[in-house]
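Chain naming follows the written order as A, B, C and D, and within any one chain the residues start at number 1.
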C-alpha cells in the first residue's frame, strides 16, 4: 500500500525518478478493443512538456513514450499497458549543497524523514516530472471516454498569482503558453512572469478543469464519492494546496435557496454543485478548481538546516519553473479523466451500463 | 469496490440507513492491546448528536453505541470491531411528496439515477446520520494515537455563512453550540441562525481542524499522499465542496519566498504548508479547512421535477439543520484522525516505526 | 489490510467471536434490485447449523439472521447489507486449562504469538462459528447468480477419513447428515463416527463442490485468476489443507494428450480442467475439491506447553465436532458462489456483460 | 481490479506479452535501505531461464533484467522498483493455424471468450514467460527476508509424472536440470523426458517448496490467512491444478491424535500442519506442494474448433517444454517468498515488528 497506484479498477501504477533511467506507468484494467497508438499519448505529453515556452523549465527532453505491452494489432487486449519514457537530459551538476540541505517548502525534508534516504537528483521521486506518466495514462482514459460516451475534459488557468483571469472562451486556451481562456490578458501574464524571473522568486496559480458529457450515476457513497476521489487525485498532484467542486468555498456564504440547483424537465437551471450531489454525478458538467502553491525552488536565499541539524542557507539555481501551475493544466485534465474512467468501470461492475446525461444545462459561465 | 470502506490498513466499513433498523461500522486492522470501552466512543458520538441545541435537528435519539466484537477483557484483540447504533426515532411522516420528487441540491436525484431505486426515508443512505459511525470509528483512532504518540485532533467553526469567526482560543470551542473558538461572537451567530429559521432557509459554514503531535514521515507518494487522503476523506463528507491544506487557496497569490516555511535547528519558522510537504508529514501540525454548503432541505419552495420528469415544486418540512456545518466539527476531527491512523499503519509496514516530531514550531495563529 | 474482507467488488467483511455478543458481516457492492429476505439467508444458515444431527456439535443455537441495512421494500438498494447473528448459547464453562495452554493443531498458539492476546472463549475469532456469516453472504450471491444466470452451486462429501464416498446422485445429498451423494454408504459413515466418539478422536474429510451454468470469461490473469481466487477462498476456510481444481493432483501423472479437454462444435468432450483454462472460466462446470484436516479439539491427551513455556497435557472436553468436514459442505458452496459473484462483477467492469456458456458438456461423472 | 497485481503491501504489478517488446513488473512497497543490484535478480532469473537443458524450451533468450527505478546509490529508496526484461527472441513463424483454432487445455479459448481478442503470438499474455517478472520480484523479497530474518526458500521436484522422487538431500537440487533432491534418479527422469519427446506428448509434475526461518504470527484471519494467500499465489501460476499445505490431502485420512503437532518447551514434535495453524504461521517451516498439469501444446493431433465454431484438428509444433513443471521450482520459491514478504509487512502494520521463531523443530523429512 505504498501509494503509487491511482484508481481501483482502471489502475495506474507510476514508477521512476527525475534523473533515473526512465519514468513510466502500468495501466491495469483498460477495457479491450480500444484502438491506441503512441501518437495518441504523445499528443497529451507534448502539452505538458518542459521547454515549450520561456516561462517553463528549459529542460530539453522529448518525453517520447513507448508502449511496451497490452496492444495487439493496434488495439488494447485487456492486458496491462506499460508506458515507458526514457530520461535523456539528466544534468545534475546544478544542485550544489542541495544534497545535504533542505529547500523550504520542498519534499526534501519530509522524504528524508520518512525513508532515511532520498534521491536528490532533480528531486528524485518528488519531481514534477513524475506527472508525465499520469498525463500519459490520462490520454488513454480520455480516448476511451471520448469514443464511448463523447466525454471531453478541458482545463485552463483561472488565476496567476493575484491576477484573476476572466473566462472569455475555450478557443483561447491552446493559443497561449498559460492555457489562459482569454487572449487579452496574455501580455500581462508574460510581464508578470518576467518580473518574477528577475526577482528570483516564484508564484502560485489557480487551475480550473471541467468534464463535459459525464453520465449520471458515477460515484460510490459513502466514502468513495466521485468528488472525494477527484479531491484525492487533485490534492495528490505536486504543489496543490486546495480543491473545490462547483462553487467550492464560495458555498460557505451562500443560502440554500441560492445554492441548490433547481431542476426542470429540460434540465438543471444552474450548476452550483459542480455536477455532483451526494457524491454521485448528476449528468451536469463536472467543475473543479485547484490551488497551486508557488515553486519552492527559488534563487532567493532562505534559512534552512542541513542533515546534521545545523543552520544553513539555501538558494536553488538550475532549471525551475517560476510557476509550476503553468504546466498543471493538462495534468489536471488527465487526473479528472482518470477518476471518471475509474468510476465508469466501478459503476458498470455494480449497476451495469452507465446512463448518458439527459439534457443537462451547464452553468452559463465557468468560474 | 462499492466505496463504503475508508482506509487501507485501518479500514472502516460503514453500513445503514437513516430510518432502517440500525447504522454502524466494522473497523478492521485495529492494533491489539488498546483498552477500549463503549464510553470512549459514546463521548465523541455525543458531541455530534442531534438535539443538543436549538440550532440543530431536533431528532431525539440517544445514538447509543454497542461494541459487538473485537474486544476481550476490555482490550482490542486485533479482530474486527463492529460498532452498532440502533435507530430509535424513525418518524417518516413528514416527507410528503419527497418520495416522488427531487430536492434541489440533494442526493435524491443522483442516487435515483445511479441505482434506479432509492430509500427515501430520511435520506436513506445519503443522510448525514451516516456520519455517526465515522465519528465512532474516529474515537478509536483518536484514542490509540493519543495513547501511543500523544496526538490530538481539534476542530472548530471558522466561518458561519459570510461571518468569519476570528480564532481566540481553543478553550472556547466546547463552550458553545457552534464549536466557535471565540466567546464574544456566539450571540451574533445565534441571531443569524434564528433569522435563517424565520426565513425557512439555510447557510454554509467553514470548519477548520488541526492535528497536533503528528510524526514526520506519514504519507505515501506518489498518489496516496497524506494531504490527498485527507482531501478524499473530507470531500467525502456530506455537503463538503472544498478542502484546503495549510494556506490553501491563499497560496495562489503568494510568492515562493513567502510560502516556503524556513527551517532552523529549533524547528520551522512558519506553517504555510499545513504540515505536509511532497505529500509527507513534516512533524508540524496538520492544518485543514473545509467548505460546507448550505443544507438542501429548506422550507423555501423550489422548482424541481418528479420521477416521471414532470415539473414540480418542493418544500421540505420536518427536522432539518439550517446549517449542517454546525455538527460537522467532530466529524472532521474523526476523519482527520482516521486518515492519520491509516498512514501510521502504512508507514509501519514499509518503514518500521514512526518518528516523533523534533521540536516543531507551529504557526503562531491557526487560520 | 487485516484480512477480514473477502472479494474485491462483492466485498464481504466478517466480524465477531464465538462467544461475543454477535457475529455477522457487511456485504458491500451488491447490485441493486435483488429481492431479498431473511428467509433466503436463513435457509442456507440452517444447512450449516450445529445441532442438526448427533454427528455435529450440540451447541444449540438458532443462528437467526437479521438484515440491518441495504434493503428498501424488500429489494437491495446498492447500499451495504449488514447481516447480524446474535450469539445466544455462550457456555464457556468447559474450557478448563485451555485458557493457559495450547491445543496441538489449534490456532490457540499462532494467534497468541501474533497478537500477544487471544480470546479463548470457544476459540474466539478462530472458531468455525465464524463461517456462518460467510454462508449468509453466500446465500445473497447464490440468489443473484441463480436469478440472473441460472447458476447453481452443489457440494457434497466425497470422502470421510479413509472412506471414499462414490458419487451416486445429487438427489441423495440433502437426505443424510453427511451431505453424501450416496444413500447406501450412510450407515457405514454413521458407524465410523460413533467409533470416533468412543475413541475420543477425530477424522478428516474431503469435500467436492461444483458450479453449474458459469459464464465463460470469468477470471483476471495474471494473478487473480478464477482458480487462484477459489484456492484463496477455500484454503482460507478453517481446517482446509489442500485445494484441487478439476483433476487436481491426479494431473501430475497424466499426459497432455489425456488431460487437455478436446473441443467440438457441440462443446467440450471432457472436463479435466475443472472449468478453468489460463485462470479464466471456459463455460464448463467449475469443479473443486478440498481436504479438511481432523478436528484439533479431541478428548485424547496430547503433549503441549503453557504460555510460560512449561510442559503441559491437553485434553479438550466440551462440544466439538469429531469431523469438522461434515458441516463444511454448505460453506464450500457459499465460498464458491462468493468468488464467482466477485468475478462476474469484475468482468462487467472491464469487459461489459458476461457471456453465458455455449453448449458446454460437463464431465460424465463428478469426482 | 484487473488482477495483474500480487500482494497488498509488497505489491508486484506484472506486464508484458511473450512476443511483445518487453515484459516486467513494478514492485511498490519495498522497504528502503536494501542493497540491490541487477546481479541479485539475474541469478534467480537464470535458474528459471529457457534453454538451460535439453529438457526445456530452446527459446534462446538471455532474460537480462534492467532496474529502471527505485534505487539510489545501490540501495532501495522506498520508491517503486520497475524491473524490465526486453524480449529478444520473438520468432512467431511456427504458430500455423493456432491463430484461428484453440489448443485443448490452453488459455487460447478462455481468453478469446473473455476479451473478444487475444494476442496469439507465443501465447501472448498467458505465456509461461510471464513468470519471469514474478521470479525477478521474488528475488528482491528473498534478499530482504534473508538479510533481515535469515529466511530461506527452497523448492524441488517431488514427482515427474507417475515417478515419485524420494527426498535425499538439499545438496542435490542445484546439480541436475530437474531440481530433483536426489542424484540417483536423474538418469531415469532424463529417459522419461526423452521418451515423451519421441511420443510428441507431455507430462505433469509435483513441486514442493519450503520456507525456513519464518517468524511466528504471519497471516491475517479471517480470510487472508497465510495459507490462503499461498494457495492464491500458487494456484495463480500457469498449469497449477492443486495446492497443499503441510500434509495436504493426506490429512483427510488422518486422525486428530496423529495430525495435531504436539508442542514441547523445545518446540514442535512434528509438522503435519506445514507451519500454519488457523491461517497464522507457527514459526515452523512452511511446507507447500503443488500439482502441475502436463503442457497443453503437444505434437499429438487433438480435436478442436476454430473461432467460427467449425471442427478442426490441432497439433503444436515449435518450442514447447514437454513438462512445464521442470522450470516451475524457482517460480514456486519466488511466489512463496512474495507471499511471506507481503505478510511480514502486513504484520508490521497492525502488530509492530515480527517475532522470530523460538526453537522450531521441523519435520524429520520433507515430503
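Definition applied: a contact is a pair of C-beta atoms (placed from the backbone, for glycine too) under 8 Å apart; a residue touches a chain by one contact, two chains touch by 3 or more.
Chains and their UniProt names: A, B, C, D = Chorismate synthase.
Since the structure is predicted, the reported quantities are computational estimates derived from the model, not experimental observations.
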item	value
If a chain touches chain A (Chorismate synthase) and chain D (Chorismate synthase) alike, it appears here	B, C
Contact-richer chain pair [B-C vs C-D]	C-D
Inter-centroid spacing, chain C (Chorismate synthase) versus chain A (Chorismate synthase) (mean Cα positions, whole Å)	46
Length of the line joining the C-alpha centres of chain C (Chorismate synthase) and chain D (Chorismate synthase), rounded to whole Å	26
Distance between chain centroids, defined by C-alpha means - chain B (Chorismate synthase), chain C (Chorismate synthase) (Å)	39
Residues of chain C (Chorismate synthase) touching at least two other chains	1-5, 8-9, 14, 29-30, 32, 78, 114-116, 125, 221, 346, 349-351
Of all residues in chain C (Chorismate synthase), those that touch chain B (Chorismate synthase) in their complex	1-5, 8-9, 11, 13-17, 20-24, 26, 28-30, 32-33, 66, 68-72, 75, 77-82, 84, 114-119, 121, 124-125
For the chain C (Chorismate synthase) and chain A (Chorismate synthase) complex, residues of the former touching the latter	1, 9, 29-32, 78, 221, 345-346, 348-353
Touch list for chain C (Chorismate synthase) against partner chain D (Chorismate synthase), complex	1-6, 8-9, 14, 102-111, 113-116, 125-126, 130, 159, 161-162, 196, 201-206, 216-225, 227-236, 238, 240-265, 269, 272-274, 276-283, 291-298, 300, 302-305, 309-311, 346-347, 349-351, 355
